[in-house]
Amino acid sequence: MNNTITEKPYVRYTLIFLSLTFLALFLVVPLITIFAEAFQKGWGLYLTSITEPAAMAAIRLTLLTAAIAVPVNLVFGIVAAWAIAKFEFFGKRFLITLIELPFTVSPVISGLIFVLLFGAQGVFGKWLADHDIQIIFAVPGIVLATLFITFPYVARELIPLMQAQGNEQEEAALTLGASGWQTFWKVTLPNIRWALLYGVILLNARAMGEFGAVSVVSGHIRGLTNTIPLHVEILYNEYNFVAAFAMASLLALLALVTLIAKNWIEWKKGE
Amino acid sequence: MSIQVKKLKKIFNGFTAVDDVSLIVDDGEFVTLLGPSGSGKSTVLRCIAGLEAPDNGSIEINNEDVTRVPVQERRVGFVFQHYALFRHMTLLENVAFGLNVRGVGKKERNEKARDLLQLVGLTGLEKRMPSQLSGGQRQRVALARALAPQPGLLLLDEPFGALDARLRKELRVWLRELHDRINLTTLLVTHDQDEAFELSDRVLVVNKGRIEQEAEPQKIFDEPASEFVATFVGETNRVEGTVQEGSVAWGPMRFKAVHLKEGTKASVLFRPNDVYVTSHREKGGWPGIIRSIQFLGATESLEIEIEKDLNLTAHIPKGVAALSGFTVGEQVYVMVPMAHVFASK
Amino acid sequence: MKITKFHPEYFSGQKNVLPGFHLTLGLTLIYLCLMVLIPISLLFLKTAGQSWQQFWETVSSPRVVASYSLSFGASLAAASINSVFGLLLAWVLVRYPFPGRGIVDMIVDLPFALPTAVAGIALTTVYAENGVLGKWLAPLGIKTAFTPLGIVIALTFVGLPFVVRTVQPVLEDLDRDMEEAAACLGATRWKTFRRILFPAILPALSTGFAMAFARAVGEYGSVVFISGNMPMKTEITPLLIITKLEQYDYIGATSLAVVMLVASFLLLLTINLLQGWQATRHE
């Protein structure tokens, strides 16, 4: 990088200092606080907090939700990206906007929608009650809400990439006799694998960390319909700070792993 | 295999890219579609391959109607302008791909791929990735890849367009030799007239979705069928006028135009190297004055003024120019034995 | 050769040759209908079930209006702060090599990766009166917990990466030639920035601002802990929706949701337009 035309050193240092201070105040200090508070009373209490039954149930539910949401939205993302990037058709812009909707809609509203659909007074409420199926205030509701919130993540990473890559390699594969599936597996997939991985990692982080939407549909039933974030809320509101931060630290750790993985992928992509 | 295209039509969003095109390529022929960008030549090629679906017309390969047959089943070899090599596969895997998807065993297809890489002169580079190759090498791999599944046809879409001039010339020679060796029916699309003339048995000149002329290269050059062909292929001097008494007048010069009706507006085109320039008066030579001389490497370009505001360009081979000793301001005599007169549109 | 089915034209005059069009488009549409279209239209339908007057009463009651001004006002403030410091961060990251730059670059994305609830409790603890940073503010009379200021802090956190990440690539792509030319012509760095660089990054900055704003308006998890949720004072609209839900006032909740949805939609439109502006500027 050419450094001859740049600001005077004192200007530079000031700007660096200001921006780092900003980051510290808003990001770094809170991040460290999470771990500080979690370990305030030592390892013993930390471990107990995360292994007591309600906590374990929350962890299990979070993992289950992610285990469903990630594969489903991964497949959807690939399917949607193929439809949008490889073809020309009327209404494409509208479709893309629809896909990006969860990003702008408040998570609370997302949860609200599902309550309206499947809640006791909802559209399907009576039908569900008659068939003894419970969605709201039960696990299925949580999974559904998470599915809604996270479905754009993979699609959003893939669509611009596939559009930029164009169709030539796929066309070449077709002229060589490959079927649609063969073309996808052998030619397209290897070309998008890093973006795919990237999308999955972000998807996973969001699926495990979603709070607002899940909060609305879950009913906060301890030990049954709490994910880790919800459990954190309950503990915090009971002034059980150490336990709350202990659980929170698990998610913070996940966040850090996500960031590192993200960086690693970007480094790999650039190679 | 032979190709027969009948009344092909293709429209993109209201724009007619291919307008009623019919052509035939016989088994073993090397035919070129020559035309400017946007003339529709690539679209014709892609329709034949099956990469575009025509709106009208039919395509026959080896006398079988393939208009509704999908790409994968047409068995055409296609070479793209930007190679379209599979970035994440080695050269060997790229070339073997067509065999791979047909279920040919690993040993057999790798062997075939190696043979083909040898054919295109890239032995020893099997394990390389496309990003490690030069443009010329990549195009040769693309060709080997297209040939691997033993197609009946070879279609090339401006294959040398992305390469520099010298490389283009080298690969041109190599391609023709390859064609003569394996005798595969080949259809090439290009805007480079030198390429078309050097490589083809026949040339089809394409403009605005239509075929303007179809003939051997020399005929296209010497007997252009339309104004477009004449101006597109090679340089021209262009003169406009009206047919009077069987010829078109331009200053003191007269160009025969007996094939046109009296009073028709016409364009006269003649090539700079069809202009004979001498220092001595000869029968039919018009006097003119050399206004400028430009060196173009192997030829000299003379700007000759016949009358005020009446200039024409002549290209003289350097040897001849040296012998005749032309200088600026000299009076010379000009003859144009071959000119093409077309009715103006 | 066997004759295979020929696919009919769909939506446009072009027949698509790559395989899988119907399959993938069909699946996408089904999934979207189930997950997006039907639920959202439901929202509007439910709201339409009441009279205009009822709707208007709900969405314009004092408590609700207070929540709007809080949600939108705090979001505006947070997005503005993020614009200034986001630009600063992006500039520093792109232009100044300093030790640890890689890590700083990585950390910027933390709000994307950290769950909102976790951020919420962390920020509350840090900025509470006896918190690590809060105790410096207390003697100055600045209260953050249970005040709009606290909400702004939380919203600044969640929106931080947006501006940085939209401005960064534009800064990276900027042609240095322009600056060098300006320097040759005698312009100071500040002038160069103000007249040449800033206009060039303005589209990206606006897009980042809009995105941070949109995100902040709908934010719930990180705000509920620090705000105290006091009606008329620190109650944000999303919380109000939940409150109404818990009181089984479905109609009220949906009415508010519709208002927010319309606002989000307008924001989304604006963002798309801004991105279009950014794209054309970026040639």
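To keep things simple, chains are lettered A, B and C as they appear, and every chain counts its residues starting from 1.
The definition used in the following text is that a residue touches a chain if its C-beta (ideal position, glycine included) is under 8 Å from a C-beta of that chain, and two chains touch if they have at least 3 such contacts.
The structure presented is a predicted model; accordingly, all values stated were derived computationally and were not measured.
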item	value
Relative to chain A, chain with the most remote C-alpha centre	B
Contact pairs, highest-scoring chain pair	A-C
Rounded Å distance between chain A and chain C, as computed from the means of their C-alpha atoms	16
Computed distance of Cα centres, chain C from chain B, in Å	55
Sequence positions of chain C contacting 2 or more other chains	12, 14, 17, 19
Touching two or more other chains - residues of chain A	171, 174, 179
Where chain B touches two or more other chains, by residue	50-51, 70-71, 73-74
Interfacial residue positions of chain C with respect to chain B in the complex	1-4, 6, 12-15, 17, 19
Partner chain A, residues of chain B touching it in the complex	49-51, 70-78, 80, 82, 84-89, 97-98, 100-102, 145-146, 148-149
Residues of chain B defined as touching chain C within the complex	11-14, 50-53, 55, 64, 66, 68-71, 73-74
Chain A-touching residues of chain C, taken from the complex the two chains share	10-12, 14, 16-21, 24-25, 27-28, 31-32, 35-37, 39-40, 42-43, 46, 85, 88-89, 91-92, 95-98, 102, 104, 106-119, 121-123, 125-126, 131-133, 153, 156-157, 160, 176, 179-180, 183, 189, 214, 217-221, 225, 238-239, 241-242, 245, 248, 250, 253-254, 257, 260-261, 264-265, 267-268, 271-272
Residue numbers on chain A that touch chain B, as the complex places them	168-169, 171-179, 182, 186-187, 190-191
